[in-house]
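Two complexes are shown next, each including chain A; its partner changes from chain B in the first to chain C in the second.
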Partner chain A sequence: MAFTRRRFIQAAGLGASALGFPAIVRGQSGPIRVGLMTVKTGPLASGGIDMERALVQYLKERNYTMGGRKVDLFVGDSGGVPAQARTKIQELVERDRIHVMIGPLDTASALAADDYIRQAQLLTLSVAAAEDMTQRKPNPWFTRGTSTSSQSAQPLADYCAKTLKYKRMATIADDIAYGHEMCAGFQRVFEDAGGKIVQKLFSPLTVPDYGTYIAQLKTNVDGIFLGFAGSNGFRFFRQFNEYGLRGKIAVVGGMTAFDEAVLRNMGDEALGIVTSCWYSAEIENAINKRFVANFRVDWGYDPGFYAAATYVEAAVLEATLQALKGDIEDKPAFMKTVRAIKVDTARGPVSFDRYGNVVGSVYIRKVERKDGRLVNRVIHTYPNVSQFWTYKPEEFLKNPVYSRDWPPAKNLES
Partner chain B sequence: MQYWIIQTLNSLALGGLLFLLAAGFSLIFGLMRIANLTHGSLYMLGAYVGISVLKYVPNLWLAAIIGGLVMALFGGLVERLILRPLAGNALGQVLVTLGISFIVADLCLIVWGGDPIPVPTPPALQQPILVGGVAFPTYRLVVLAIAVATALALYLLMDRTRIGAMIRAGVDDMQMARAVGIPVSRLFTAVFCLGAALAGAGGIIGGPIMSAYPGLDADMLPLALIVVMLGGVGSLLGAFVGSFLIGAIYTFGTALLPDLAYVILFLPMIVVIAFRPTGLFGRQSV
Partner chain C sequence: MSRAGWVALAAALLGFPLVGGEYYINLASQIFIAAIFAASLNLLVGYGGLPSLGHASWLGLAAYISAWMSLKLGLAHWATAPLALLATTLVGCAFGWVSLRATGLGFLMLTLALSQVLWGTAYRWVSVTDGDNGLRGLTRPTPFGISLDDAASFYYFALAITAVAVWLMAVFVASPFGVALRGTRDQARRMSALGHDVWLIRWITFVYAAFWGAVSGLLFVYYNKYIHPASLSITASAEGLLAVIAGGSATLAGPIVGAVIVMILKNYVSGFIERWNMLLGFVFVFIVIFMPEGVVPGVRRLFGRGMRAWRSRR
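So, the complex of A and B:
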């Protein structure tokens, strides 16, 4: 179908006349169409499938009704390829005519879709962690209920410096923006609290063998921070054990390094490892207990980062729709409401800052054995953590975005 | 000093693992003149099959043999049923192997799920051994020994047996081999099975180091390509030297020049191809 100028004018005319009607007539008609942009094939599929399972569970528990209207779910699979994610999002918007999108899963896909989200004014509840999407280049249609890359790493650095009394630490992470941002946030907070990062390593995302990196690790440190995603933390840690380093260097991990999804394939070697995340299946609140129990009944394992992500985003969506009495068609009102909302979710209470990013609890967790399986038991809670940690947002935003080279590492030892 | 000992052992162990992966790829490439893009999938599928075997029989070596045999069967079927009808159409064959690799990747995802699955190291080999005062994983040295033994066995097969002579003849000059009555067609299937078996067994032997996870196939395939391009297509010696060269370049390269981690593998390949298009040990094909 060629998009001619005449057709454009017709469409524009229709759109304009639609806008002319009072909101009550435009809204309230037909179901709310929710799009889930996830990954069901390829290397990221494990998390992506969990995202769909948890979202479907949430909708089932609400009998597919939110804010008094029926909800239809449409699922797009990008295979983890950013270009494909953009195409699929366009398909969700233009063919399935979704009102709101949950996702995409990964940062690269979120960045690839950024301009389309602005152009289509697509209401987005994202899971991807890219810092600048809610910092220096905020997208007005973008809200994130999970965490930026460093939002969970910064409290962990505080915990390492103040509670664990670590003085010297090393970091290793995937050589992607997510890994850079996490380590940068960790370094800044750790060094501001008086610690020293004496070694920083970044390994390629698809590194065949960590042996060469493990051989470089300094052994005269108090601990090492792992900023890995997906299965890499798991692979690194296995090899770390093989080299006999377990017990010699303490290990702490970022929010994806020892996720529940990874733990279920690990053994006793993981016991005692401290990580930080905005979620744990062990969080003690009524919503989370019910979520975990039902999820376990359906799938036989504990929900982790990705399952919780859509479950939390769905709660944010539902609370917003309730406040709006189901009127999702008024997009500016939706964005205004979602960013002003306060809602109790499986991760605890959630609200948003003026950049559209979540303010919520971050949990320090320790791997323990419970009922025969490994769990991330919560040992400390940092409430109301913002993406800016304790820094002033205005001053935080004057600095360059967290990266490989910023903040500069002044204490590296060669 | 300790650091250099560890990194040298690392590079040798990685080289050994790469040889198990690349030997079969090189044989198939040399004889059939197609880049078998399912090779990474065969490696991954071998690892997954081995994991399923390990559930019933906790013996890694048995799992490697069974994984290898299953992959030999799978490879034979692919060659007979899919590649054979496309004989003469090299581009078609390469594309179809790429297609199969996608199908295998998704089937693995359905059957074994998306989480990484560890392959337990055999209990006897779990303790690191001390080399010059530093701990090094015993299992990696075993992998190195297996690779050297495999290389020796393949050398004897290629150099001392009749079938080896026929394969070499096929690699050097296909037309002439056919003309003197060598059953090249059956040879194709045999070599494909052998290459697939090596990849499959390599997948499970490499398992305690690499684990099995979706995307393992795409991680391994480029490594096989690089080794074979560097060493020379169809040359066993080339695959052997290429594997250890890449193992060393990778290990020392990423340790000494961490910022070049991405290109470090490809630079030597480009240099070699620029000056010796057939690779270090490849012969001019006719």
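So, the complex of A and C:
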């Protein structure tokens, strides 16, 4: 058996504790190795590159020091292929010997890596939204400071039903777990508030043309909910516009449909669209203002969902490390601390439920023009939103996971 | 290779997990999987002269069938493995029957089209394949009660299967049938005139290649414990074809060397160089310019030339 450095550190640590050194000495062996699992090639790359940029910015602002220890960053690129993500996570763990992973970006990669995270006991601060990883099959090494798929869609449904007074709505989303879960959460809350979802469409993630889907859209609805990821919201909406539907059907969007990352390529046609997300570059707090200002200086555009995701996760990591005085080697203690932490971040105050998922504000935003560029101005805030919305966790968890088929859509009209 | 060479190679492969770190052992296991995949494709491309751009079908199909049977039917590994191989080979029989209506570019397009059908099915038949989420929650088998969950034991498992696979493919190629196969590649009409059934020879080879592709698929799904439609995509097929061409088609060692090159560039070098796709391109351009026949024959040729020059100087 090879006598690796990690083994050496473990052995040395054991020896040190046997000699009665205080625990803190054990914790201070070398830099903290942080792995970022992202996507820098392929269709998801724009978000993945934002993730890296924001994380690097955070580390630079802290001079690469967290909890009194230096931080080394290792970046893995999966190309958006789940099996490759798994290989890259293995590489981060087994070759770069990371202590903690931020990421992965996409739900499929998180699901593919689920059992490896358990097996390697890899401390994970996830960006991916897969619901069940913090619900029915909670992964003990997994914490999420962003949101589940439906966490932002559920408040939006409430807003549509109660404030916008919509009665009949349609949904369209990418045909992936993220899209299914988001629409299911939206549908459940909207119908519980007295509305009706009369049409549900799912288009393939890589569909080249939305024409056939737009042609199916019902025009006798109060609004349509877009649950798209990546640049698909932009592509769908452009065609929606070309078909002359803009102004005929009101559009509301999930947390990634009109993200800052795609908004900068849109024009006046996007004005007035309402979306919900746990973040907006327009949130008024000191941390966010500094984050946005620095990000704009470096890259010339506003940070969105993906950039904020790693920036928030880094803040969670730093707060945890401060509480632990830099001792990241004790994994159970880390998980206990991170899930009990309360920290102010760019998205506002953040805490965690006992399943490891974030409880934080969700913002209803409206696209407006400011200083010549489009922004998501916050028009309403739902504070302390949990992944279970207002349902009781125990009852919520008795239901099947949100999917294409659950909750059943009873009000569809053909 | 001399007997001493074989012994040294065997010793190196058997001893590697004792010295290599966990990451490198896992990398080697993935190389074995890619090597079986590329070697099976080489039967068609190299020995049969039939360029296929749909070989990922067999890897993906076997992986999906085995995963589906264990998840949805709850079957054990001893049952899923042979059934997945059988089912994949049967699909191979059908696909071969369709694809071999043409040769050359027509064959390439047919294999591509058929594999795209499977890829599309995996993406869109959500109730069976779980679409873009992929199938997960799988386990590795426990042959003779040995758990394959740690890196070294899986390495030996993959090594054993690879050794058997490469040996059986070598036997196939060296047999009179293999000679006939090369005959159909070089002089199809003459072979036909000599009374050989060219179509049947090609079809049997296609099915045999599909079978070994399926074996690599089983190993793939055991290794990853996960399967996603991306494994059936044209990129996966093209990667195999690149490995065969880069390593040297119509040689036994070529595809294996090619698989090593591709996997190391994809999984190892990409950790150091962000634009590893570009590097991959450069490496292939280099190979094509200096050793158009592939690395293995190319090195042999350059080495032979060097030896001759050295001898003539003496």
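Keep this in mind: the second predicted complex is superposed on the first by the 389 of 414 C-alpha atoms of A that agree within 3 Å, B and C clash if a C-alpha of one lies under 4 Å from a C-alpha of the other, contacts with A are read in each partner's own complex, and residues count from 1 in each chain.
Methods note: a residue touches a chain if its C-beta (ideal position, glycine included) is under 8 Å from a C-beta of that chain, and two chains touch if they have at least 3 such contacts.
Quick caveat, the model's predicted, so the values are computed rather than measured.
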Of the partners chain B and chain C, which touch A:265 in the superposed model: first, second, both, neither?
first
Just chain B (first), just chain C (second), both, or neither: which does A:203 touch?
first
Applying the document's definition of touch, where does A:238 land relative to chain B and chain C: first, second, both, or neither?
first
Touch test for A:115: chain B only (first), chain C only (second), both, or neither?
second
Touch test for A:283: chain B only (first), chain C only (second), both, or neither?
neither
On the A-aligned overlay, A:175 touches which partner chain: chain B = first, chain C = second, or both, or neither?
both
Once chain A of both complexes is superposed, is A:66 in touch with chain B (first), chain C (second), both, or neither?
neither
State whether A:41 touches chain B only (first), chain C only (second), both chains, or neither.
both
Which chain A residues are contacted by chain C in one complex and by chain B in the other?
41, 175, 204
Provide the residue numbers of chain A that touch chain C in the complex, in ascending order.
1-2, 4, 40-41, 76-77, 81-83, 86-88, 90-91, 94-96, 107-108, 111-112, 114-115, 119, 175-177, 204-205, 404
Of all residues in chain B, which touch chain A in the complex?
3, 6-7, 10-11, 13-14, 17, 105-106, 109, 113-118, 121, 126-128, 135-137, 139-140, 208-211, 213-215, 218-220, 223, 250-251, 254-255, 258, 261-262
Chain A partner contacts - residues on chain C that touch it in the complex
18-23, 26, 30, 123-124, 126, 131-134, 136-137, 149, 224-228, 230-231, 267, 270-271, 274, 277
So, in the complex, the side of chain A touching chain B is made of residues 41-49, 175, 201-204, 206-209, 211-213, 215-216, 230-231, 234-235, 238-239, 242-245, 261-262, 264-266
